[in-house]
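First chain written, first letter: the chains are A, B, C, D and E, and each begins at residue 1.
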Amino acid sequence: MQEISLLLAVGLNHYLILSAILFTIGLSGVLLRRNLIVVMMSIELMLNAVNISFVAFSKYNYNPEGQVIVFFVMTIAAAEAAVGLAIIVSIFKRFKEVNIRFFEHLKG
Amino acid sequence: MGNSSLEIIINLAKTVVVFLMMVQAVPILVWLERRGSAFIQNRFGPNRVGPLGLVQLLADAAKFLNKEDFVPDKGNRLLFYAAPVFALIPAAVAYMAMPMSTPLKIGDSTFLIQGYEVNVGIVFILGISAMAVYTMLMAGFGSSSKFSLMGAMRASAQVISYELALGLAIVGVIMMYGTFNLTDMVLAQQGAFHFSGFGREFSLSFLPNWGIFYQPLGAVIFFAAAFAESNRLPFDLAEGEAELVAGFHTEYGGFKMLMFFIGEYGHMMIASGLMTTFYFGGYGIPGWTIAEVYQTGVSIFGSETGGSIFSSVMHFLSYNVKFAIFLWIFIHVRWTLPRFRYDQLMDLGWKTMLPWALFNTILTATVIFLASQYVI
Amino acid sequence: MSMDTVLFWFLSLIVIVPALAVVLLSNPVYSALSLVMTMVGVAAVFATLNAYFLAGVQLIVYTGAVMVLFVMVLMLFDLKHDLQTFSRGKVSGFLKIAGVGVMAGLLVGAISLATKKPSLIVEGSPLANELAAAAASGADNTKILAENLFLRNMLGFEILGVLLLVIAVGTVALSRSKGGTHARD
Amino acid sequence: MNHQALIAILLLAPLVGFLINGFRFRSQNYIAAGSIATSALIISFICAVILFFELVGMSPESRTIKAEFFDWIAVGNFKVNAGFVVDQISSIMLLIITGVGTLIHLFSIGYMHHDKGVTKYFSYLNFFIFNMLILVLGDSLLTMFVGWEGVGLCSYLLIGFWFSDSAKAAAGMKAFITNRIGDAAFLLGLFILFMSFGTLNFHELNALAPATMEAGWMGAVTLGTLMLFIGATGKSAQIPLYVWLPDAMAGPTPVSALIHAATMVTAGVYMIIRLNPLFVSAPNTMMVIAIIGAATAVMAATIGLTQNDIKKVLAYSTVSQLGYMFLAVGVGAFGAGMMHLMTHAFFKALMFLGAGSVIHGMVDEQDIRKMGGLKKYMKITHWTFVMGWLAIIGFPLFSGFFSKDEILWNAYSSPRGHIGLWIAGVVGAMLTAFYMTRLMALTFWGKSRVDQSVHPHESSASMTIPLIILAVLAAVSGFVGVPHVISEYLGHIPNFWEHWLEPVIRKLPEVELQSVTHSVSEEWTLMGTSVVLALSSATAAFIMYTKKLGSADKVANAIKPVYDLIDNKYYVDEFYFGAIINPLIAQSKKLWYYVDVNFIDKMTYAVTDFTQNTGKLVKTLQNGNMQQYAMYISLGLVAVLSFVLMR
Amino acid sequence: MENNLVSTSILSLIIFLPIVFAIVLALWPQKNTIRELALGFSLIQLGASLFLLKDFDSSTAALQFVEKFNWIERFGISYFVGVDGISIMLIMLTTVLMPIMILGAWNSIDQRVKDFHVALFVLQSAMLGSFLAMDAVLFYTFWELSLVPMYFIIGIWGGSRRIYATVKFFIYTMSGSVLMLLAIIFMMRLTPEVTGGAMSASLLDFYKLKIPFVGGEFFTPQTLLFFAFALAFAIKVPLFPLHTWLPDAHVEAPTPGSVVLAGVMLKMGTYCYLRWVIPLFPEAASHYSWLFISLGVIGIIYGALVAMVQPDVKKLVAYSSVSHMGYIILGLFVLNVYGMNGALYQMLNHGVSTGGLFLLIGMIYERTHSREISKYGGLASAMPIFTIIFIIVTMSSIAVPLTNGFVGEFLILMGTFQYSPGVAAVAVTGVVLGAAYMLWMVKKVFFGPAGEIVKAAAHDPAHALHDLTTRELVVMAPILILILWMGLFPNSIMDYSKVSVDHLLKNQQNYSLEVE
């Protein structure tokens, strides 16, 4: 019964777990993928996951601040993508590849 | 909800209907375009198959369906196939949010004459239609052809660029009406021209209360941007249909090509619909308010249901008339204006329209603020 | 089995399957397109959470702009000779996968343990009532958001504006190419 | 004219002379420089004479003139004024300094007239006199110390006067540093006395001197006075710090006469006499002083036997004579010590000036083996030198005879004396007679061994007049303190000296005095013995160095090892350099190299290296692989999460 | 004391005038008048400090000319400055040396002149601030601020190994300060028990603290705090064995840098012992005085021995500084009236005489561009006036009576003797060694036959060794006057500090300062 009700009564938990799963998927992408663009996309995934939990909290706590944050996050994500892609493009121009190991050239 | 299953069924049916409506409008538009262009160019156009060449379209459809399903050798099959399908979806989904008439009330049930009502309709439509870009990109990439890819790039860059101007033009409207809801906007444009502000009332009885009178600049920008959004002349750089290869769908043929056509015309329809809704009173009839129409219907049919049906029908007609006019303008413009150069296109988008749209936004905001705060 | 429940499970699938595809598919173009799918799903999730405006914005910003950029860039690069998909290193690979797995488990466990109570706001308190009333009418949702954004978080908003300006300039500077019709030097 | 102004003029006159000459130091006008300096000294001398007669006019018990100018240092209980005092002891010193000083200044005019730095020379001389006056007039140990160091400084400057000769500059440095060693001990003594008595004022210290004799070595008085005595060994060139004085002969000869014979080197003796009540209370110190004095007297005299440089002979003679003075004060014969100080000042200044005259006449030749027979070339120099010679060998009725005899008698007869001390004294006297006669013989008598190119000549009047005056003084000054035994036969000449000093000299305690009794015949016997021995040794020397010139070498060859030892000055310099100075420098280099460069810096480098190595270690984590960074972050997150959950 | 603006805010004026000057100099458009302007400014500054000296009341130990404003109220940090007998003379030393330094640097600094003077003025402000600050945080601010201009002075205008030297200098001093900052914060957290609740960084409140102390145990608050402070200051002093930065810094620094480093900056360390360490941690200070006395004595002898074998003049003087600073530490930690007065006096002496030596070395370096002792010799014939002045300053450095050095050294040794005769007996060897290395150097450089450099100069008229110019004489005149004046009339200067020192010694266990 317990399990069925868990399946049926969708609440905050469900959204948070969805968010958590999405987040870890994104994280694994960041950790494992070699393609810089995919890594950035995984970062977007993580951001989205967090956004979901913000919105969910916002709804279940009746607090619109959560949505404001999401708004901000989106804006920053867009900015990040722009800059990130610009960097990636310049890396691509230099190396004709977008492997993340090219960033190792930047170490001190 | 007691009658929820019924509503679900009816709503689903409604979506199908609206989608079919949209799809079916395409052959008509194609015919219209071909005939219209023929007249403009002083030729005959399709006139052999059926009366006035109307059946030509069916013949064309048959031809499309029977054409060889050609896939470029090194192309990406998945994307190549997915692209035309995706071309349809955004247009259809967006179009469904368009309010086309007053709700139909039959008994306890109310049926909206639109696919579904979205609270933040504008945002929704913009968001969905923005996805059209992927179509081009997928097609361009999937074709594995330089021309396709270049066309896709150009087209998508263009779309993204003009989306800004488009969106900013709408901001003025949104501020003015204070809502994202399209139906609310239509309702706000009822009656004769009047507004209150600066501590007094203004009214002009001979003008309808349309957005175009409040947002002329916005309307122009929106309309121009809409052309660019739908990749039509004078902004069809990506395709260069008349003289170059056909842009991102160079490699396409047959039914897949048809789907792209449908998608493109769908965009045109969305643009026309939005134009109508934002600036030309939506489904409203100039000089005849919704309540008056409803009352007339009630008086004619003697029942509220009848009044409702009458109102819906009348407004649907009104909407479609305006809609058709804008569609015609699209077609007309296509065959009358020359094409921009690509850098001119970008300059226009970024250096002319965007600043003006910004100016419009700021002007609107200032006026609204002043009107609400100060008395003349 | 209400509509919401069905929608949630459906959308979960819509979100998670493409998300997995993003990470697992070796062709980055497919990854990007899968991500678009996820974004749309997330937008839908927002909509189920009554955040319609955000859903729209999600569509406009993410699918309409950000992801387009990604896809464009990917297509521009046209990475035919695909790279090695996953990073090498047995130990670090194991650590990464284990870390992610453990984190997923921990997060899920933590969430299901921690938030038995759906709301963090004391029910029946004036604030809760007020907010509940505000939230009840979906129409006002956007307005509340707007008020929050432009009244309480004005500074943040302005800073974001500045950030965007900086980003714009920075991006132009970064991607300035040599040669071409617009070349300056 | 009040006393304070007199003392001020006395002090300031040389200072003003110093300043005037100092500011025009580039001038080569030796007449101007000399007259400025000399007149400053004459002014001082006049003041000194006036002050002396003021004292004479006073009653014996209250013979002090005090002058205080300003508070110098006043911290806590410690207060020292710029205070000066003229009493029986300092007045004699005053007269000697200003008197002999004037004569030497005068002599210098002639001696230095060809030198380029003559003005500088005179300014230094005046400055020396100024410091010497502070030394003797100061009413406290600290004021004395000011002069004490000041004369050291001047000595340094004057020894190194011809600084372009590296050896001469080194000699100056050696003098200063050796003196500094003594000064360091002097400072310690000063601290000890201040901590025990709470004052550094001579009169107060003397008044506070304990009545009972202090036994043992670690008592405040014994230790304090010992420390002061070490200071005195430095300044007065006693064992073990005498080594600088022979080297100090590098300076101009009048400087040697003034500083290294007549005045500065006697400062140690003067200081002990100044503090005689205190020293009396410390018999152990007195014993040490006496032994050191006697030892120095003998040892320096032996070295004097073999020296061939005329000034070096005189220098060792000075060391030896100073030894006599210390022997005197060591046995409690402060009066005798003081008297020998005075007579020595006269005859040694005379001999140095005479030597200077010889050197001048020989055009800077100092080696006595290249002289001889100078008697006929420089008559005045010869005869005045003879006076000095007679005085120093203790020829009866010459000044040296009285003072030296008094010392020898006291060395034997004093309760703190000892027959051994007397024997040492007599041996010293014999040796003195021998080497002085040798000096005379080799320089003035016998055949001339002068180089053909050199034409010896008598010096000018400005040089001979001081010689004559000093010769007279050397001859007759002994009569101010004629011993009783002799005065009985000379018409009862009163012992002015004893009367003059009596109020300020503390007698040895009655207990001790009564423990020894000596008869007059003993005194005669001893006196006779010493005189006879000295004169016979002088005769031997005369014969060896005039009649049988080769015999000296034969003797030397006969006792070769001893001769070599003596000829090399007992290898003391070599010992000091080998055992102390060179190891010190070598160890310092090692210290610097091992401690500073290799230990402390290496330690700090170790710290920095540690930081850097840690950084390098951590740097490997920062390999540029961003996914690994992300991994660390996520692992950290996992850790935090697990911690939060498991808690 | 009139209540006009100048007298009530004279201390702020003295601290911040140099900053104003620095700003004016930085903005000054004409490049060729910078030196004159800077000199004028430094003279104004000297005038201001003389004004302070005139109004200073030497008969009281209380804090005078106090100014106190809240700075960071939440932590009780205030802008709190005041002057008493301990600091007044160091203020004078700083302001007196400043014009001398500027005049001395007239020719030796020939590039980035403006920057140099700006740095110098900022440095002066920082040093004055740290002497006058009565608030721990304010003090720390100035203390750290003083490093920055010095860093640039050595790093920009220094010799060939300047970067090494300046980094060494900076890291050494910084690392000490960090501990001090910790200690200050710790003490601030203790202050509520004396102020009744509010936190305070005021030194006067620190004085009231009773910090627990257990003799023989290292890990007691007072002992730890004591060592935290003492270490910071010991590095600055510098106390053996933390001295190795000093020779490097001195050798590489330009002449004015060396002067200010030896003249004033080292005094900041010793001054702070007197101001902070001894009154704040009385039990620990007396309990561990043996340690500092031993280190001081080792420093005296070690510095002297090592100085004796240095081939470089500047390094020799630098090591002599180590030796002299050892005397000061010794004087401070014997904790009696002689030692402390002597130490305070010796701070001034060392500033004057070592500053003078560095100036003189700078003058000769300008002419010959060499500091190697072995290359010199016979300089006295070529430059007699220079030689005379050098010898006078040397005499001051080796503490010959009637120069200033003697008074300080004598009092310190006397204090040491009172503490322990044995220690004094060891320390007194420093007197001998001091004479040895200085005279050795004088002999090698000035005396003897003409050395390499003098010979070269004789053959080459372009590099002729001309004697001191008028400007250089003017630079040295105040130094000589001070040397003799302070040697002859020490009371005229010690009178300003005696009351304060007495007060400190009498109430060492229970120190407090009144505010006038």
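What we mean here is this: a residue touches a chain if its C-beta (ideal position, glycine included) is under 8 Å from a C-beta of that chain, and two chains touch if they have at least 3 such contacts.
Quick caveat: nothing in here was measured; it's all calculated off a predicted structure.
**Q** Out of curiosity, which chains are bumping into both chain A and chain C?
**A** Chains that touch both chain A and chain C, as defined above, are D.
**Q** Which chains are in contact with both chain B and chain C?
**A** Where chain B and chain C might share a partner, there is none at all.
**Q** Identify the chain whose mean C-alpha position lies nearest to the mean of all protein C-alpha atoms shown.
**A** Chain nearest the centroid of all protein C-alpha atoms: E.
**Q** Of all chain pairs, which one counts the most C-beta contacts?
**A** After counting contacts between each pair of chains, the winner is A-C.
**Q** Centroid from C-alpha atoms only, then distance chain C to chain E, rounded to Å. What do you get?
**A** 63
**Q** Between chain D and chain E, what is the gap in Å from one C-alpha centre to the other?
**A** Computed value for the inter-centroid distance: 38 Å.
**Q** Just curious, how far off is chain B from chain A if you go by their C-alpha centres, in Å?
**A** 33
**Q** Mind checking the centre-to-centre distance between chain B and chain E? Centres are C-alpha means, answer in whole Å.
**A** 84
**Q** I need the residues of chain D touching at least two other chains; which ones are they?
**A** Within chain D, the residues that touch at least two other chains are 627, 631, 634.
**Q** Among the residues of chain A, pick out those that touch two or more other chains and give their numbers.
**A** 27, 31-32, 100
**Q** Can you list every residue of chain C that touches 2 or more other chains, as numbers and ranges?
**A** 53, 57-58, 65, 76, 87, 96, 99-100, 103, 107, 141
**Q** Let me make sure I understand the interfaces: which chain pairs count as touching?
**A** All touching pairs, sorted by chain label, are A-C, A-D, B-C, C-D, D-E.
**Q** Inside the complex, what are the residues of chain C that reach chain D?
**A** 87, 92, 95-96, 99-100, 102-103, 106-107, 109-110, 113
**Q** Along chain B, where are the residues that touch chain C in the complex?
**A** Against chain C, chain B makes touches at 4, 76, 78-79, 118-120, 122-124, 126-128, 130-131, 133-134, 137-138, 140-141, 149, 152-153, 156-157, 160, 163, 167, 180-181, 343.
**Q** Help me check something: in the complex, which residues belonging to chain D touch chain A?
**A** So the residues of chain D touching chain A come out as 619, 622-627, 630-631, 634.
**Q** Okay, in this complex, where on chain C does chain A touch?
**A** Within the complex, chain C touches chain A at residues 1-2, 4-5, 8-9, 12, 15-16, 19-20, 22-23, 28, 31-32, 35, 38-39, 42, 45-46, 49-51, 53-54, 57-58, 61-62, 65-66, 69-70, 73-74, 76-77, 79, 83-87, 93, 96-97, 99-101, 103-104, 107-108, 111-112, 115, 118-121, 128, 131-132, 134-135, 141, 144-145, 147-149, 152-153, 156, 160, 163-164, 167-168, 170-171, 174-175.
**Q** Which of the residues in chain D end up touching chain E in this complex?
**A** That would be residues 25-26, 70-76, 78, 142, 145-146, 148-150, 153, 156-157, 160, 163-166, 169-170, 172-173, 176-177, 180-181, 183-185, 187-188, 191-192, 194-195, 584-585, 587-589, 591-592, 595-596, 600-601, 604, 608 of chain D.
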